[in-house]
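In the part that follows, the structures are each spelled out as structure tokens.
Heads up, the next two complexes both have chain A, just with different partners, chain B and then chain C.
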Partner chain A sequence: MAKKIGFLVNSDRCIGCHACELACKNEYQQEPEIRWRKVYPLKEDSFGGFAREFASLACNHCEDPACLKACPVIAYTKREDGIVMHSKERCIGCKNCMLACPYKVPEFNQKTKKVEKCHMCAARQDRGEKPACVVGCPMEAITIINVNDTIAGAERSLPGFPNAAITNPTTRFIKPVVGRQVRRDA
Partner chain B sequence: MKQKSVVSRRTFLKGAAATVATVSFGGTFFDFIFSGLSPAVAAENSTVELFRNACPRNCYDTCAILSTVQDGVLKKVVGDPASTYTRGTLCAKGFSYTRSVYSPDRIKYPMRQIGRGSGNWQRISWDEAYTEIAQNMLRLKREYGSTLPICLNKYSGNFDIMHYGIEGMLTSIGNTTRATGTPCWPAGIDAQTFDFGTIVCNDPEDIVNSKYLIIWGANPAWCSVHSMYFVKEAQQRGCKVVVIDPILTQTASKADLYIQIKSSTDGALALGMARYILDHNLYDGEWLAKNSKGAEEFFSYLKNNITLEWAAEKTGIPQHIIEMLAREYATTKPANIWIGYGMQRHTNGGQNVRAIDALAAITGNIGKSGGGAQYAQLETWGFKYHAMSQSKPANSGGKEDRAININNFGAEVLNAQDPPIKMLWIACRGPMTQDPETAVVKKAFEGMDLVVTADLYMTPTVEMSDIVLPVTTAFETPGVNVSYWHYWLSLNEQAIKPMYESKNDVTIAMELSAKLNELEQGSCTFPTSGDLQEWVGKEFSEGIYKQFGIQDWQELKKGPVKAKSGLIAWQDGKFRTPSGKYELWSAEAEKYGHFPLPVYVEEMQSTDKYPLRCITPHWKLSIHSQFQNLDWMAAVNNEPHIEIHPKVAAKYHIKDNDSVKMFNDIGYITLPAKITETVSPDVVAVYETWYKNKKFNVNYTVKAIPADMGKKATGAPGIAFHDNFVAIQKM
Partner chain C sequence: MMGEWALVLFTVLSQMAAGAFVSLWVLDTVKGNMKEATGTFVSQGVVLAMGLGLLASLGHLGHPLEAYRASAHFGTSWLSREVVLFGLFFFLSVVYYWQWRTGGARHLVGISGSIVALMAVPTSGMVYVLAAIPAWNNFGPVLFFLLTAVTLGPLYAAVLLTIKQYSLGKSLFQFVIAALFCSFMSFALYLSLLISAGDVTALTGWNTMLSITFWLRLFIGWIAPLGILGYVLAQQQWHISRYMILAFALVLIGELLGRELFYGSAVALTMFGL
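Our next item is the complex of A and B:
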């Protein structure tokens, strides 16, 4: 089977520090309100006990991308390795993709009047470097995997993540493990 | 267009930093198709340079940074992979540095405010600024017979070694008044000074060798992200990670065992554990006999005064949990304790740290890889302090500098007599947001003849100043940095030219000196010129060269270096106490008014009127008043909140995001509620920071209550920031 790459988000290692998000911004020097990667807090009681847990999400580079289908001007293409690319040149800023994406990934840039999103640092990867978020994470919580490989503990969803059946995202997750807690309100 | 040769980052790293490489950018296929730029528009033959920088913030991590500068513009920053501590990554704050440098909010030129707090600012030239400042300094000296009415408040905004030149500048005009002490950590420093003789910690990279790790009142997941990697690494190698904290912090969320302790009762837990260890013969008698003083007295105190039942009652932790913790800690070797700064910000904070230190001592965990009682270290700070070490001009009046307590700054300024304080110089500091009792601080500012603040942004402190001087960021000036936690030494190269009219604080000192001498020959000894790079070189001592195994400071241009020795604290068993032993019984402590043994001192209690303890820890997107004001951070979060337990919220009919007023005798703040199980029902948490254009300032409610210790090592006791009791109501 051909190699299909995706993000493996290890929420057990993630400490919600936003370094990945800011590493992305640092790499591309984006407008303040543009956030290709976002660190979402998960419900405190999602994993037994209460804890501060997160899912760091960028574009999920879906197998069946809703953005691509919704785009009227073929601004989206899916590379052979699975990366969903968006062309600012072709984009007319109609926002159809923004409505179609279940993960609210494409963002509208008020300055360029066009949409933009994470391209998994395709150019960096093409020259043999890892994406900025991957190398920027102090916890090594984000990696690039071949989604056709079997990764121990990798799951297709986390609590709160939209139904993966809609677009078949390539992002995989490792669930946080919450330790024993001795709380005073028990 | 075919892809041109783009020099990869790896190629850059092979060479020394700051070597100029000429490469083609923007010509790749990818950029053409997806950037929206046409190849003709994209710049060709740009000059790209790499510089080594160091994050100078008041932070454990003091990261080594690699900065990419294209045609004189700072394009991005990454962690320097040459440091095995930073490991090529930064934190969210570090990654925001381009926005710090190029923020539209930078103060661009000197300004004078007509009417303090009025917002009526006028641009002035540097010469006008120096003239007004120098004239006031000389006038005050004439009127009062000395320069003592001039007060410096400088602390942790920039810990670059050369920035101690700010202190040097004040020395060079004569005897002055100095805000003395440190708000952050002094109680713990004194505690470890009584026990060990000073503060020294193991290399944090050594955490991976621990088999048992208690993180006690520290939150590295927010405040030392690079250490958190080593904590996780230890965990993966089989180390049990225990977090003891009144708040279920981010670090606690990742622990194997989280114990929610009643705030400020840490000493009771440590002493209860010690009693269990004593009763079950789990202590290291051999280590104690060889290395300690006062073990017998300490054990006698435990036997006569401490019970497990009492410890459970005091701390709110079930007795069987205390017993389990004590047994596991005493029998798993090596066992490590990381003592946080949060847990010592109490009226009994220093005593609590001493009790925790005692646990490490009686179990023989001190001086060992994977063991220890980690607090901080200043071992790598043995510089010459050339910029700081200035002489006082002859006949400038007064006998010596006058110290006032930085931790009660407002009141101390107002109370100063003979002579009174009439002028403030503020640098690397934001008392109007970071000090307790904001209203008193404001009153102190209002009584001044002149307030001069050197800063990057229009902070609330600048808003209360008469003259603001724009300063450079770390990227615009050379320097050298070490950490109070890890053992790396990093050069900070000047990567870009100073922005606008900004100047380094040392340059300001030189130029002010020239103006003072112009107006009154001999009134200031600070050199009136000098090359900043050369001045960095002058900070290095033979001791630093030896410790880091370098011959010349310029070698650091090739990358940061780590200390060659002293990475395991107290490995040689030579303690720096008066007895040369680890002192469970400290006559020095007694001299400073404490009980000589680590004993339990009662914690402060809530009252009927103010039933909730408000804890004000650090926030993950800022370090004190820095970073949260930047637009990139505001995009992630731009709203402070008060964390409230669901039971408390129900009692006050508060729902998520409801507006809540938190108040006590001295002030109030209003902010949205966050209902969360991460706090206990007797605690609310509000994270201290400065938001741009928001009225939020948690210190409106924080009183300047001194912590128990800090006087010996730092000149003034710390602040019991977390002994703040409040009431809340739904708005």
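Our next item is the complex of A and C:
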């Protein structure tokens, strides 16, 4: 089966430091109010105990992208490897994709009057480099995976994530383990 | 939603134009006694409303001068389909007006324009049938857009016809009363379905109910015009003309308020409750 890439978001490793967001902003010099990647706090009692946990998300490069279907000017295209690209040249700033994306991913840039979003650092990946967020995370909590591979512990959703059946996102999650005890035996 | 005034004006004016076009064509076909000057005047009104609507829609775009490219994704995007159908409807309205004005054969363009109008309005509604916004992901947008067309459109046509001293029978107003009543009842049903659905859908319902705009829309757009039209039609000697502009203005304001509420109250799916 052809390679289809996606983000693996490991919420068990994530400490909510936002370094991934900043690495992304820095790489693409985003406007202050724009964040292609966002770190979301998870509901504290979602995993069987009270704990502060996080999930770092950008575009989910969905298999069935709602943004692509809604856009009237074909500004969105899906590459062979699964990356959903957005063309700033084609975009006319109608914001229809912002309404259609269930994950609130496309953002409107007030300066360019166009929409923008994460492209999984497609150019970096084409050069054989890792995406900026992957490199910027001190906990190695974000990785790029082939979604056709079986990855131990990887799930398609987290509590509070919109229904994955809508657009079939390629993002996979590792759930946080809450209440883990570390014992040092004498 | 940003710039929603543009969408409010575009959707309401385009639906009004579509409804008025069909009304004119039906009256012309069924009664067949309309003077050319009268038909010219009404079809000119349709062109004006649709033209203003299209102009307003540009206000929603970041790059209005590139709007012409929005038909590119016709195969998949409801927005592209809306652009194509309303563009075609505008063109047919201009041709219809020209045929009235020059006395040319108008029935073919009348029936084509009516068919395109009847396709364009539900297509507009489909733009908003989105899984990301559960309150819209149902029959609501299509039904309410059609109901705007069948309430406001005939009233707009009636105002223009009355200005030209065209004598209208009761049936047009009986139809508008029935359509207004359907609009009111279906909205009540829709609202109760939203509120009972839970989650962000219920939030949309409560946003609607607790908004002053909803109560203004209820009295201005439904109760007052229904009362006025009902009162006038119940008279033995009925003179609609003096109430016509009032009823039209009330329904127009009601629809504008209702559309503002539609865009302003909708709550999308949340990311982890945020």
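Remarks
Simple rule for what comes next: the second predicted complex is superposed on the first by the 179 of 186 C-alpha atoms of A that agree within 3 Å, B and C clash if a C-alpha of one lies under 4 Å from a C-alpha of the other, contacts with A are read in each partner's own complex, and residues count from 1 in each chain.
The rule we apply is simple: a contact is a pair of C-beta atoms (placed from the backbone, for glycine too) under 8 Å apart; a residue touches a chain by one contact, two chains touch by 3 or more.
Just so it is clear, the structure is predicted and the values come from calculations on it, not from any experiment.
Of the two partner chains placed by superposition, A:Trp36 touches none, neither chain B nor chain C. In the overlay built on the shared chain, the residue A:Phe173 is in contact with neither chain B nor chain C.
For chain A, the partner touching the most residues, choosing from chain B and chain C, is B. Contacts of A:Phe161 after superposition on the shared chain: chain C is touched, whereas chain B is not.
Of the two partner chains placed by the overlay, only chain C lies in contact with A:Ile92; chain B stays clear of it. Contacts of A:Phe7 after superposition: neither chain B nor chain C is touched. Across the two superposed structures, the residue set of chain A contacted by chain B and also by chain C is 112, 114. Chain A makes touch with chain C in their complex at residues 38, 40-43, 55, 57, 66, 68-74, 90-96, 99-104, 108, 112-114, 158-163, 166-167. Within the complex, the chain B residues that touch chain A are 6, 8-9, 28, 30-31, 33-36, 75-79, 87-99, 221-222, 225-226, 228-229, 232, 241, 248-260, 262, 316-318, 321, 620-621, 631-632, 634-636, 645, 647, 676-678, 680-682. Interface residues of chain A, counted against chain B in their complex, comprise 13, 15-19, 21-23, 25-27, 29, 32-35, 39, 44-45, 50-53, 85-89, 112, 114, 119, 122-123, 126-129, 135-140, 176, 178-185. Residues of chain C that touch chain A in their complex: 1-3, 60-63, 66-67, 69-73, 76-80, 83, 127-128, 130-133, 268-274.
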